[in-house]
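Pasting in a structure now, in structure tokens, and then I'll have a few things to ask.
Chain nomenclature is as follows: A, B, C and D, assigned in order of appearance, with residue numbering initiated at 1 for each chain independently.
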Amino acid sequence: MAGSELGSRLRLTTWGESHGPALGCVLDGFPAGMALSEEDIQVYLDRRRPGRSPVTTARKEADRVEILSGVFEGVTTGTPISLLIRNTDQRSRDYGNLKEAFRPGHADYGYEARYGIRDYRGGGRSSGRETAARVAAGAVCQKLLSECGISVRAFARAIGPVWVPEEGLDPSLALTAPTAMPHAESNERALAFLKECRERGDSAGGVIECRASGLPAGLGDPVFDKLDAGLARAVMSIGAVKAVEIGDGIRASGALGSENNDAFYMDEEGHVRKRTNHAGGILGGISDGSDLVLRAYVKPTPSISQPQDTVTSGGEEISLTIRGRHDPVIVPRAVVVAECMCAFVILDALLSSMTARASYVKDFCKRKREDL
Amino acid sequence: MAGSELGSRLRLTTWGESHGPALGCVLDGFPAGMALSEEDIQVYLDRRRPGRSPVTTARKEADRVEILSGVFEGVTTGTPISLLIRNTDQRSRDYGNLKEAFRPGHADYGYEARYGIRDYRGGGRSSGRETAARVAAGAVCQKLLSECGISVRAFARAIGPVWVPEEGLDPSLALTAPTAMPHAESNERALAFLKECRERGDSAGGVIECRASGLPAGLGDPVFDKLDAGLARAVMSIGAVKAVEIGDGIRASGALGSENNDAFYMDEEGHVRKRTNHAGGILGGISDGSDLVLRAYVKPTPSISQPQDTVTSGGEEISLTIRGRHDPVIVPRAVVVAECMCAFVILDALLSSMTARASYVKDFCKRKREDL
Amino acid sequence: MAGSELGSRLRLTTWGESHGPALGCVLDGFPAGMALSEEDIQVYLDRRRPGRSPVTTARKEADRVEILSGVFEGVTTGTPISLLIRNTDQRSRDYGNLKEAFRPGHADYGYEARYGIRDYRGGGRSSGRETAARVAAGAVCQKLLSECGISVRAFARAIGPVWVPEEGLDPSLALTAPTAMPHAESNERALAFLKECRERGDSAGGVIECRASGLPAGLGDPVFDKLDAGLARAVMSIGAVKAVEIGDGIRASGALGSENNDAFYMDEEGHVRKRTNHAGGILGGISDGSDLVLRAYVKPTPSISQPQDTVTSGGEEISLTIRGRHDPVIVPRAVVVAECMCAFVILDALLSSMTARASYVKDFCKRKREDL
Amino acid sequence: MAGSELGSRLRLTTWGESHGPALGCVLDGFPAGMALSEEDIQVYLDRRRPGRSPVTTARKEADRVEILSGVFEGVTTGTPISLLIRNTDQRSRDYGNLKEAFRPGHADYGYEARYGIRDYRGGGRSSGRETAARVAAGAVCQKLLSECGISVRAFARAIGPVWVPEEGLDPSLALTAPTAMPHAESNERALAFLKECRERGDSAGGVIECRASGLPAGLGDPVFDKLDAGLARAVMSIGAVKAVEIGDGIRASGALGSENNDAFYMDEEGHVRKRTNHAGGILGGISDGSDLVLRAYVKPTPSISQPQDTVTSGGEEISLTIRGRHDPVIVPRAVVVAECMCAFVILDALLSSMTARASYVKDFCKRKREDL
């Protein structure tokens, strides 16, 4: 309730600034008895790490995670999992006019207005670096979801004007291509576009798509904790995201009811299924057993190397030129962040659904008494 | 944390089913000392009420609100404000196959999967009627915001293919036109389109826009309680909303950084201002003093009168025809719901910002001791 | 988080003032599928109701509960259960100097200092009448606990100098005796003592004991949500409670470790048991399978008919005489309140324990998929 | 909501096991702009540190705190304050039968029953070592309270049969005496008693008293977030605490109303005061401006060196002898823990009170707009 916390049954608290000694998170309420190693988490952090490709910042961060609590002999114990990532590339440097200037498109002014003080080094808490902690926590959630047969995967759907088509995707590219686009040709075109952007000292935005399959129907609490409401909050809380949609989303608003409704039918094994999935797997805020589909619309990186008009905290109007190399687009690195946010929200909703019926409670008590 | 609660400093709990005896809410944490009457709330409920126009359901509901607690001699006391709205039009009727059938586009199947039981009368808790309680609570928030110089206003931006233009708006029409469109010509065209829809037994979607002005810069907590994250959750939790965007939103994802960044300048009175507002008044999750702009994309009403394929809870495939008259589009009535959700989130963020600095705390203690 | 809410998985929000039109509560997160009628709740409310005996206030309140939501065809649906109790005996009367005077031992001054306004009629929100809503919610929890084989029962352990002995108790008297003491002789002595008190225009305090049996070991979250911490908060939040102890409690602080430790052994059926129960069923904040034992120490009723020195909100020193008849001791009526608070906390802890292991989550997903 | 979190406006999350690599906490929602150094925290940790005196365990822990975030150039920034304490004395050793045995009086069995796995090294999460994180966070709160003119101080009131008298106290001894008793003679007698205990292989309990002065009247939210309810929860959550009382507490339950009520009067400066303070500074859950008085009753250390009957996780009955040196009484080291818990709860309540009136909100908006 104080800003850096997310979740209900499962509770994530993140902390850390871009250029402080470290950043990390505490994941509380995570179930006991799951095998967990630092390597399980590291593979996710590596997907987010800067410095891998021509389209990401040159900042070098090893982003090695340390598990400080909640795991004993390689297994989760049910107590808070504390994860720590040291900031290694925090060399002291001359921040020049960034100490005073409010960078356009950044949170600088808002922080100053709110707190009267701000850590101007690399954006402090408002830096995209904060998302490393989210990814670390999400990796833990992904492991349990996977053991439950639930898969949550994100990829880049668009960068600037380049859209990945609906068909002919190669999912493995989402993990390996520099753009995180699951489509070789789109990847090439996006890289060319980004090269141009960078040459002009400009930046681009794009779209991240996340898909989850294997969710049982019935996840999501009515009203304010609807599954889509939880996802929207968690994904919108990623720095540069300016819109979130579920299923057909924006397009649904222009469709007719007869087009947008998904007809139900019974499959051969006697399960309820839908013929189409305009709803994106969520109806009335509750999962319907179809694939969950979410898209996040990401604004262009606000740090550009062209000179920009702005003001200082002292009230002076200046022309600001931001030095250093920045991601010309944050979509490729934000893909795993969005994926991890979705995984967290889905696991939290799954835990919540385990207490939804009185019969579950009675069965639990009975089994518990027999076991002890 | 159990689904029907929203907010942090300010806490809203709603309850009630479409065809139960009543519905309502409890608003806890609301500051003491504000004049409040039932009439203050009623004007908001009247904007949401069904039965006003050709484009809304014929269900008759007086939607009279009763204040049951938290107000003494016409003034809020700081204790929970309990608001009650009786359901008057809950005549017992033959629900026919709706007892068993899962209506396409509705939450029926999800509720059954989750709870193993559902109140099938009018959708029970998943009915749009649930939003009356949100409006009642939002009206209370609107009053305090207004006394603080903050205005939050929503209107219909689009219905089906009809979009309200950017210029030439008449805000008063948002309150009086049957479509809630602030543009007479668009209103006419949308009504014509809806008439067609209804004749074909079909329905339409649309877009709601909400604008807030007068917000001080600095509202919103970093990371998960970013102002836009809170708005996204609250607005996405409205039944039929499938996408939420802030400022340029979706369009921002296709823009260049040099286009999307808003330059800061100093106005004549020495206040920090922005030359453009692509950000929609929120940077890094914190209000920047510009107008807040949010759009919600609403799917077409799922209840249509054409026959639809679906299944029953017993696993039978059937063709379902939904009788009765339903809103051919829910946008006009949902406008005030979105507005009230935004007002609630903004007021909660405002209260949070009041404890953001140690100097505020010290000043408070000092003044408090002098007063007592 | 705004004062009138309790619980985590299970969420209770209460509202209402002593002399407002009604009071009530919303119980959210309660599992679906349990049979529930108003009569199930009424039996608990009747135990709290004033006007039953010579030791309670003469105020007449029917305290009839209405279920407004969350129950469909006599069964809980998983959605918020809204419970309403009308205040029937709220005749307008002359509050005389109570409008201005701060009654000693009451919350009047604190409310005025906090809010700058207070509902002076019968104490407003700070009235013991507020606990009717807690009892209504607790009754619902008691029903599910009972179906799970968990019994939670409270009784009066002491009133003034009269203590109920450890042995020779008749539990049924806790429900029928005017003092709620499960011991006929103590009941008589306490009644005689209270008669004296009343004649002197004075009042008495006492001790409530609550015992829960049938709890599986393992309830309670480590650290801040320890089972005893949750119980202490919920019971201390009852108006006149000034101390809470678990098991030997205060006496334990004077014992030696060798006396206070409870030895474990295996019973004939192979279950872990303890030879003694100094711990009161909770070790390290987690239930240990023994009976839970809690005692609440209740101060004497602050409303006495002797004249008392006090001040007014205007800063005048006065001698105040409180008219009307008040409970000379609140223990008998508070017994069911403490019981209901314990039941709520225990059920919430039980729900929390259902997600404590990864294997539970995996089993749940598996069964869920097979069912749908 | 997942066990290791406390607070509402202010939010504390702790993590860490006794013999893991480190332990720590995140303090979120702390106001910006307060000077804070590691030394400010260290002085509190030093009061809790083991190995200082004959009555504490011989375990050597430097308990050096590192501030990892939330402080920039020596000043709090409003973002989460992450505090880390490395465990230095975690040498691998032979745990022998402690791997399997459930130690009497400890949480071992409960953890096993709940999670099916437990970190048996030194009690894991249930170790008293967890409280180091609470002290670190509390030290931060103490600093702001102190700047607001609020003092929160605890001391040992009793150890075994030795009680500190009401009069003739030397507060500085609470910080320096090995027993934390503010009374030289009591300290000597308690040390002699503890020497005996240790020689018999036994342990003792005791009583901690905490007093807070300078609180403005009006802190505490009605109903479930009453100030005493919050204190009771936070203090009861300290491992060995078995009872909590406010003001006269237990004694109040045996008093008459005419004795227990505190008369109000006006002091010379025109402030409302009370002639006595049986209430311990809290009436109806809200601070009344008098000193806050709380006592925690602490059980004897469960780890004793006498052989004890118990069982193993495999269901075998054994005689257990716990080796190593343990605190023969935990009161002296727990004093600062209780103090820190009280400081946290009081500061949280103070922040909450800052939004209690509509006039505060309006004033805040006005000032904010002028400043920006």
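The working rule: a contact is a pair of C-beta atoms (placed from the backbone, for glycine too) under 8 Å apart; a residue touches a chain by one contact, two chains touch by 3 or more.
None of the values given here were measured: they were computed from a predicted structure.
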Legend entry - Contact-richer chain pair [A-C vs B-C]: B-C
Legend entry - Far-end chain from chain A, centres as C-alpha averages: C
Inset, instruction - Let me have the rounded angstrom distance from the C-alpha centre of chain A over to the C-alpha centre of chain C, please. - result: 43
Legend entry - Whole-Å gap between the CA centroids of chain B and chain C: 37
Legend entry - Contacts with two or more other chains, residues of chain D listed in rising order: 1-5, 8-9, 14, 29, 32-33, 78-79, 113-116, 125, 216-218, 222, 272, 289, 352-353, 356-357, 359, 372
Legend entry - Contact footprint of chain A on chain C as seen in their complex: 1, 9, 29, 31-34, 76, 78-79, 144, 147-150, 216-218, 222, 271-272, 289, 350-362, 364-366, 368-369, 372
Inset, instruction - Under the touch definition given earlier, write down the residues of chain C that touch chain D in their complex. - result: 1-6, 8, 12, 14, 102, 104-107, 109-111, 113-116, 125-126, 130, 158, 160-161, 197, 200-207, 216-226, 228-237, 239, 242-250, 252-266, 270, 272, 275, 279-280, 283-289, 297-304, 306, 308-311, 315-317, 352-353, 356-357, 359
Inset, instruction - Please give the residue numbers of chain A that touch chain D in the complex, ascending. - result: 1-5, 7-11, 13-17, 20-24, 26, 28-29, 32-33, 66, 68-70, 72, 75, 77-82, 84, 113-119, 124-125, 372
